[in-house]
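Both complexes below contain chain A, partnered by chain B and then by chain C.
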Partner chain A sequence: MMKTEWNQEKQTLKPLGHVPDPPSKFKHYVTALFIIGLLFASAYQTEATFEELILGLPEMAKLMEQMLPPDWAYFEPIVEPMLETIRMAVLGTTFGAIMAVPLSLLAASNVVKSKILFYPTRMFLNLIRTIPDLLKAAIFVAIFGLGAIPGILALTFFSLGLISKLLYETIEAIDKGPLEAMTAVGANKIQWIFFGVVPQISAHFMSYTLYTFEVNIRAAAVLGLVGAGGIGHYYEKTLGFLQYDRVASIIIFTLVIVLIIDYTSTKIREKLL
Partner chain B sequence: MSTYSVKRPPRKIFFKLTIFVLLTLLYVWSFAGIEFNGFKETAAIISKAILSGILNPDWDYVYLPEGEDLLRGLLDTLAIAVLGTFISAILCVPFAFWAANNISKFRQISGTGKFALSIVRTFPEIIMAIIFIKAVGPGSFAGVLALGLHSIGMLGKLFSEAIENMDLGPTEALLATGANRFQILWFAVLPQVFPDFLSYTLYRFEINVRSATILGVIGAGGIGTPLIFALTSRDWNRVGIILLGIVVMVTLIDIISGYLRRRIV
Partner chain C sequence: MIEFKNVSKVYPNGTVGLNNINLTIEPGEFVVIVGLSGAGKSTLLRSINRLHEITDGEIVIHDQSITKANGKQLLKIRRDIGMIFQNFNLVKRSSVLKNVLSGRVGYHSTLRTVLGMFPKEDIDLSLRALERVNILEKAYSRADELSGGQQQRVSIARALAQEAKIILADEPVASLDPLTTVQVMDDLQRINRELGITTIVNLHFIDLARQYATRIIGLRAGEVVFDGPVSEATDDKFSEIYGREISEDELLGETV
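Right after this comes the complex of A and B.
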């Protein structure tokens, strides 16, 4: 078959002199090579081998066998630490959410117009978010000792970072109309924020707070591993005595609670927005 | 002249009151349950020590010729995140097709897929790591497997949403020309969802770098182990340099990955 080209003026097809080359795939090959190299280097660094995994599989099967059936009687003693986990998440989320309001206003470029103010605030928020909550908890445990307090503090900072980030991005995307109207009638900054900004973001704020609460419940469930209160402490307790059926009980209980809270919170969030 | 006023919308006083009462009860219950015996007297001293440790990091720890230094710890962390992300990005594809509601004929099938993914998501990676340590022994490999399995939950969900948002036109066109299922997958589905897949994988990689820094707390490799050692031996200058190293690494990864993701989408 002859290669042809559409001629716009004569409204006919005319034979084409040359066939255009397909786009070069060189870049894709280089990227693929780079990724494969990265994977091999990582496998070397972590000493990951298929052999070890396959040799380990019977061990895992044995572990699963020991986990089943779960120790149903163990649910009773872990109700109280589970409630503590929920309390920690509630308080951590609340404190974080309260602190997030002024910080997100300070980080939004359409509320605070000066760069000297909103850039440092954003940097501070980024800094908070780079350190994982379990490490924050470990540091707070070193400062305040074992218990729920360091856990709550770690969750507070974590929530602060998350909610502030989501919230300031929402504030920057709000409708300018009401803000201009407020300025036009001579409102001061506080009135401007209270009547111009707040009504536009309050639903989002509640939604983000609920979302953070969901994340915090999951986080709070493992904070006990570093001694920061909640149900996580019981993993160490039972694993230390090789009571895997009890570990299974803790895992199942946590799963059920998290799924219930997730479901409820998602339903409420759907209603809010 | 007649005046008229706009009627206020009926206030849902009863509804608001219920919520108010419920919230108050929740907070009373939460505060009452937390034991608070004041801060330890040493708290202020230790905070000061940690602060001065962060301000005067132990620079010698960055590179030690005999090993077990900051750079190797961070490299280990990165390697765990890379491998874990790769494993989950491969393994989550079948889950994503299972959970996407425009692929299967019956809603129940995708429903079970979504439920399975949310169970995997709920299972904390650090608990998975504990279980894998039992299987392959302590070390980075257990961390890799834990991250690889845990990330399936989130990546599978995001991938399945990408599949659900796909344009079905090309699929129908290929079907009309008599393509088989594999050809449809290869020429109609994959080209559409691949950029989304890549972008989500990079996003998950950012999260996994953060997660990999904590795996060491329970002995699954990475920078977490020396950090916990430094914390328990109260070597605050070393804590300072490790924290600094984590912050720098996470920030750099975020910047690079964010740049790549903007290029892709």
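Right after this comes the complex of A and C.
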């Protein structure tokens, strides 16, 4: 029924005018080719081959065999370092988050209207983010010696970089209506920020902080590799002694903790926004 | 009293926003500014509290030049001028009461306001302001739970809590339906009459302008082309202001 109607209509319609050519797909093909080329070039340069991967399979199986069953008794001695890892993440995230607030305000072009202020702030934040966590930790270990302090500092700066970046971009996207209204009531700059900006970003700020905490738990677990405290030290030790069953225990423990924290944090973040 | 003395505004790209405006607005007047989009209504209104800077001339408010004011002086003049916006400009995630209280920040120290420690009198004043616009029961709701008309009334309450002597309303009803439009305009009129607050409103509905204004100012291409009482603002005058016949959509219609 529908079809015949459509056909009849089609016959009565005037012929179409000049139809523009559909856009060329050439660009997509070139992009695809470029990405494939890039993949092969990278593999060639790093001498990675599928052959090697397949030849390595039996080794992987052997390692898995040595890991199983995990050394269940080993959970007990790693509870304390695991708690230390969590504490490091809590402290690092908190300090970083607190410092991120003024910095992200300084980096936002709709709050600080002068380029002389917000460009250097952004440069500084970029610089912090460019240095990898492990390198930060290694630098702080060199300064403060082994232990949790360099780990906490590394996480503080990592959190600062991440939260500030997310936050200042959020600040730049806020509704400018309330800001205008606060200017109109005669608020000074600080009141303007607290009444116009802060309520618009506080939920985002909490969400970013929780997300950073999730990331920090995972980061904190490896910081011990460079001597910056936490569970990472035990990875190094057990791997060094080829105690793969114990490594398996640490991995399972870390996984459980990370999953619990990720799950809780995600749930809270869903409620926030 | 608001005085415009040879006020002009030229945008950096050379567009003339305001061209040699001379006006005196007396206390207690209900002035409606009409004109086409781009005629300079908004620029004129926003130059009064210096949300927009003028490039020439001077604006004097209660014998104080806002054009020359700076720092604390400017904030203090702004404190006495309430502003109502087309999009309400409330903080949507904050409570209605907090939005109204934000009108009080100019009266207290930075520290006190930032900590949210408003004196009890301020809270009373804010609740009274909400009562005056019939929205007291929403005091603790989040602003974004309210309808458009209710949000606009909250923003009027904010101006009242501010104890403003002048209220500027920039297209206050442009995002509202006809029924809420009348409610909001009634609120503005009541406040103007009961409290004697000088009210200046930008509108593009001309029947609305005639109904509420005590004085109409017509703008065209940044110049005042009409200034007089409502009785003089005939259809012909409006056609002059608009530079063409008045069309249907410039009338709000029967609900008024």
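Following the convention adopted for this analysis, the second predicted complex is superposed on the first by the 231 of 273 C-alpha atoms of A that agree within 3 Å, B and C clash if a C-alpha of one lies under 4 Å from a C-alpha of the other, contacts with A are read in each partner's own complex, and residues count from 1 in each chain.
In this section, a contact is a pair of C-beta atoms (placed from the backbone, for glycine too) under 8 Å apart; a residue touches a chain by one contact, two chains touch by 3 or more.
Just so we're clear, the structure is a prediction, and the values are computed from it rather than from any experiment.
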Taking the superposition as given, does A:L255 touch the first partner, chain B, the second, chain C, both, or neither?
-> first
Looking at the overlay, does A:A203 come into contact with chain B only (first), chain C only (second), both, or neither?
-> second
First (chain B), second (chain C), both or neither: which does A:L127 touch?
-> first
Which partner does A:G177 reach: the first (chain B), the second (chain C), both, or neither?
-> second
Which partner, chain B or chain C, touches the larger number of chain A residues?
-> B
What is the contact status of A:S114 with respect to chain B (first) and chain C (second): first, second, both, or neither?
-> neither
Looking at the overlay, does A:F144 come into contact with chain B only (first), chain C only (second), both, or neither?
-> first
With the two structures laid over each other on chain A, which partner does A:Q191 touch: chain B (first), chain C (second), both, or neither?
-> second
Overlapping contact positions on chain A, where the chain C interface meets the chain B interface = none
As the complex stands, chain A meets chain B at residues 38-39, 41-43, 45-49, 52-53, 56-57, 59-60, 63, 83-84, 86-88, 90-91, 94, 126-127, 130-132, 134-135, 138-139, 142-145, 147-149, 152, 218, 221-222, 225-226, 235, 239, 251, 254-255, 258-259, 262
So in the complex, which bits of chain C are touching chain A?
-> 49, 51, 74-83, 85, 87-94, 98, 102-103, 105-106, 110, 113-114, 155, 158, 162
Chain A-facing residues of chain B, complex | 26-27, 29-31, 33-36, 39-40, 43, 46-47, 50, 75-76, 78-80, 82-83, 86, 118-119, 122-124, 126-127, 130-132, 134-137, 139-141, 143-145, 210-211, 213-214, 217-218, 221, 224, 227-228, 231, 234, 239, 243, 246-247, 250-251, 254
Which positions of chain A touch chain C when the two form their complex?
-> 175, 177-178, 180-188, 190-191, 194-196, 199-200, 202-203
